[in-house]
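Okay, structure first, notes after.
Naming follows writing order (A, B and C), and every chain is counted from residue 1.
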């Protein structure tokens, strides 16, 4: 049964189904595009407030117009949605209430008014009211052909506006103070963003409903943020994520009986966001853990190299084999850890192994010497310039020696004028 | 009698939410309260499926677990995922709420909750949903008992730990410097919010409960500068909202909880207006203080 | 120049603190004797606030530790008082001057106990000391910046501590308040208490402080003001930028590297 419906869906042989799917995908990606700016402007929850506040507008439009003509409903929704944003600003400006209180207040009271109107409509039996409650959770199946046309037009309008006012939107989204000081019309860009947000919410509602439409604005950009810092790319990614989830939502509600579309769209998009949060290169959690692991391993192997070098200094040559106890004499380190460090160095060909013990390769010896040099240079720098006592500099240098880039190394050598000895009178090895 | 129970339920919701709402408002965490009120939904549905009834205790336990989980997820995404605070809240609660709705749809045959009820509750059914003892004695509406218990828990906790809540709310750094754990008190507050939202859920729903959390405290805060007076005013406003909202609903034949929210909005508008006047004629108008 | 003392009241040992992975304090190491009024000075962003936050366990150090009275903060918490920067709290909070000052007695009361006569007397006494008797029931948002700062000072006084850490108590206050505050602080030290103050006004350093700590990410000097507050050291604190140190700090932040091996 389910497989059958799935096959039917994916064949797109049904023209109505096709237009519904197209409509939802279009709505989802459009709200994701606008949402990117809302997200960057840190107005995500304002979007939520707008979403709830359009309900009374839609109901009023229905009562007055006595029809579910999408144009009427959009106009009604636009008026109350727009009003809600302005009310939030007005409250925070004229009272000591903070933004979160103002948002929650406007959101819930407007929604309450909407519920009163909605139940009033249901009780009074105005003809054609059935289906109006779909705006609460969205019902893709209820979207008609003419709806799709209207929403297609709104989507095109939104995307064109974003393209036209891209520069203004971008500047205010990142830094409204800067934009103001640069003489840009922030209030105009804010008005623009407000208008776009309201329109995006109004269209998104058809797909996911009043309660969840905020996620259509917030979650796609939140997911995209993990993949890129580049704004145009972020917008495109958000739009794709939005589209994919719109498609999945429609599919779920078609294939599974009695399933609302909205929640499935949201679950999909949040799934994408969580996936990004864990797996995205650079900002994802796994990647950061891996990075930490790599830094730790680098510290381990470099410490082993350094310890070998210093053991060599002690006995006066670096060419003969080093025994395990010799290497381990310098610091407390677990035997297994030391062994794994040695193995890694062996694999990287910094060390060789024979029956007497471990040997440096040429590049291994160079690397070891460089590390010891940087360690001692940094100790010298800390005592000489930063004014830290010689007996306190070792721990700091133990970490920093692993990070110094060749450029910093050169600067360090120059600034200290190539010193011969470190604060502990150990010789600094140069090539 | 039915009217009495509806108004009583509304008042219990308004008072419990209002008291907690004051702390949320002053800590700038109202939207986390909003998030919890949505995200307890999957917890409720799961508790329903496991216990097979609207048994109060199972619901309350599930509420605390999901509420704290929500707070934790928001914190986690914000700190570990480096996602800005507002977006962390938005992503988390919409996701949990969506899961709740899907669960309701999947288990529609087993769970006695419909989607609309989730949003704005069914306070009108409160008087018919009675608590009947095995011996057959009718104890009265179930919701009233559940809400009464939660109110008691909230009031006792706040009374006992008023000092700690007060310090943590006003000056976090100072509170920490004296050895208090801001995190612990944060989670206690969130647990109380979760209890309250779930207990109020059936009567006023997920979104309107936010109105009860925010509107009475916000109105009281505009009218007074004194903490204790704000608490008393909040309780008072909450009860007025419940009574007037009920009669408005009867008059226009509409949703009761929705009408209560409308009244909460109207009272806020009046308080706002008075606050304007108070600012302009600071000397002529005395600050309310009990 | 760093002058150490025996049996210090405050001992900062090898303290390194990172903020969002950027080291803001490197290897800070100094000791303070008891019964002094000490000033921490340094340019903006030098880590002054971070230093006293580290002393109060409000930030977690990357390495090193702070000992107060030879013990960890946990053991001596009741003897230590902290005054945050004025702008860290919301002054719209519904509280009166007296409410906030009384808060200083809360820590010593512990759970379930509320202020009685003794605590109230203590609060009233503090109110008098900072010369705010007339403002007892005033809502805190209706105070001037200087008055708000005095409320914070009074709250600290009711804690009956022996050691005080204050973050910028002289920032943005009027001349009268500055005089009152310094009088109160000097009275504290004359009773053998120790006061450590984050300060930004170089003009008054010599006049106010017995001891001066100069930092700019690293410690430049710590010692009696007469010895360390010299034009050379001031120049070194405010002038000399350490490009290399800044570059390395930046590297740690961008590459997400830990400041210490663990």
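The definition used in the following text is that a residue touches a chain if its C-beta (ideal position, glycine included) is under 8 Å from a C-beta of that chain, and two chains touch if they have at least 3 such contacts.
Values in this document were obtained by computation on a predicted structure and should not be read as measured data.
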{"item": "Of all other chains, the one whose Cα centre sits farthest from chain A", "value": "C"}
{"item": "Top chain pair, ranked by how many C-beta pairs fall in contact", "value": "A-B"}
{"item": "CA centroid of chain B to CA centroid of chain C, Å", "value": "39"}
{"item": "Centroid spacing, where centroids are CA-atom means, of chain A and chain C in whole angstrom", "value": "37"}
{"item": "Rounded Å distance between chain A and chain B, as computed from the means of their C-alpha atoms", "value": "31"}
{"item": "Residues of chain A touching at least two other chains", "value": "96"}
{"item": "Chain B, residues touching no fewer than two other chains", "value": "221"}
{"item": "Set of chain C residues in contact with two or more other chains", "value": "141"}
{"item": "Residues on chain C engaged by chain A in the complex (per definition of touch)", "value": "2, 14, 16, 26-27, 29, 63, 92, 141, 218-220, 242-245, 247-248, 251-252, 255-261"}
{"item": "Residue numbers on chain A that touch chain B, as the complex places them", "value": "39, 42-45, 47-48, 52, 91, 94-98, 100-101, 103-105, 107-109, 111-120, 123-124, 133, 136-137, 211-212, 214-215, 218-219, 221-222, 225-226, 258-260, 262-264, 266-267, 270, 273, 277, 283, 285"}
{"item": "Touching residues (chain side chain C, partner chain B) in the complex", "value": "53, 56-58, 74, 77, 80-82, 84, 88-90, 93-96, 99-100, 103, 106-107, 109, 111-112, 114, 139, 141, 155, 159"}
{"item": "Chain A - residues contacting chain C, complex", "value": "96, 288, 291-292, 295, 299, 303, 381-382, 385-389, 392-393, 395-396, 398-400, 402-405, 408, 411-412, 415"}
{"item": "Complex interface listing, chain B residues touching chain C", "value": "26, 160-161, 163-164, 166-167, 169-171, 173-174, 176-179, 221, 224-227, 229-230, 287"}
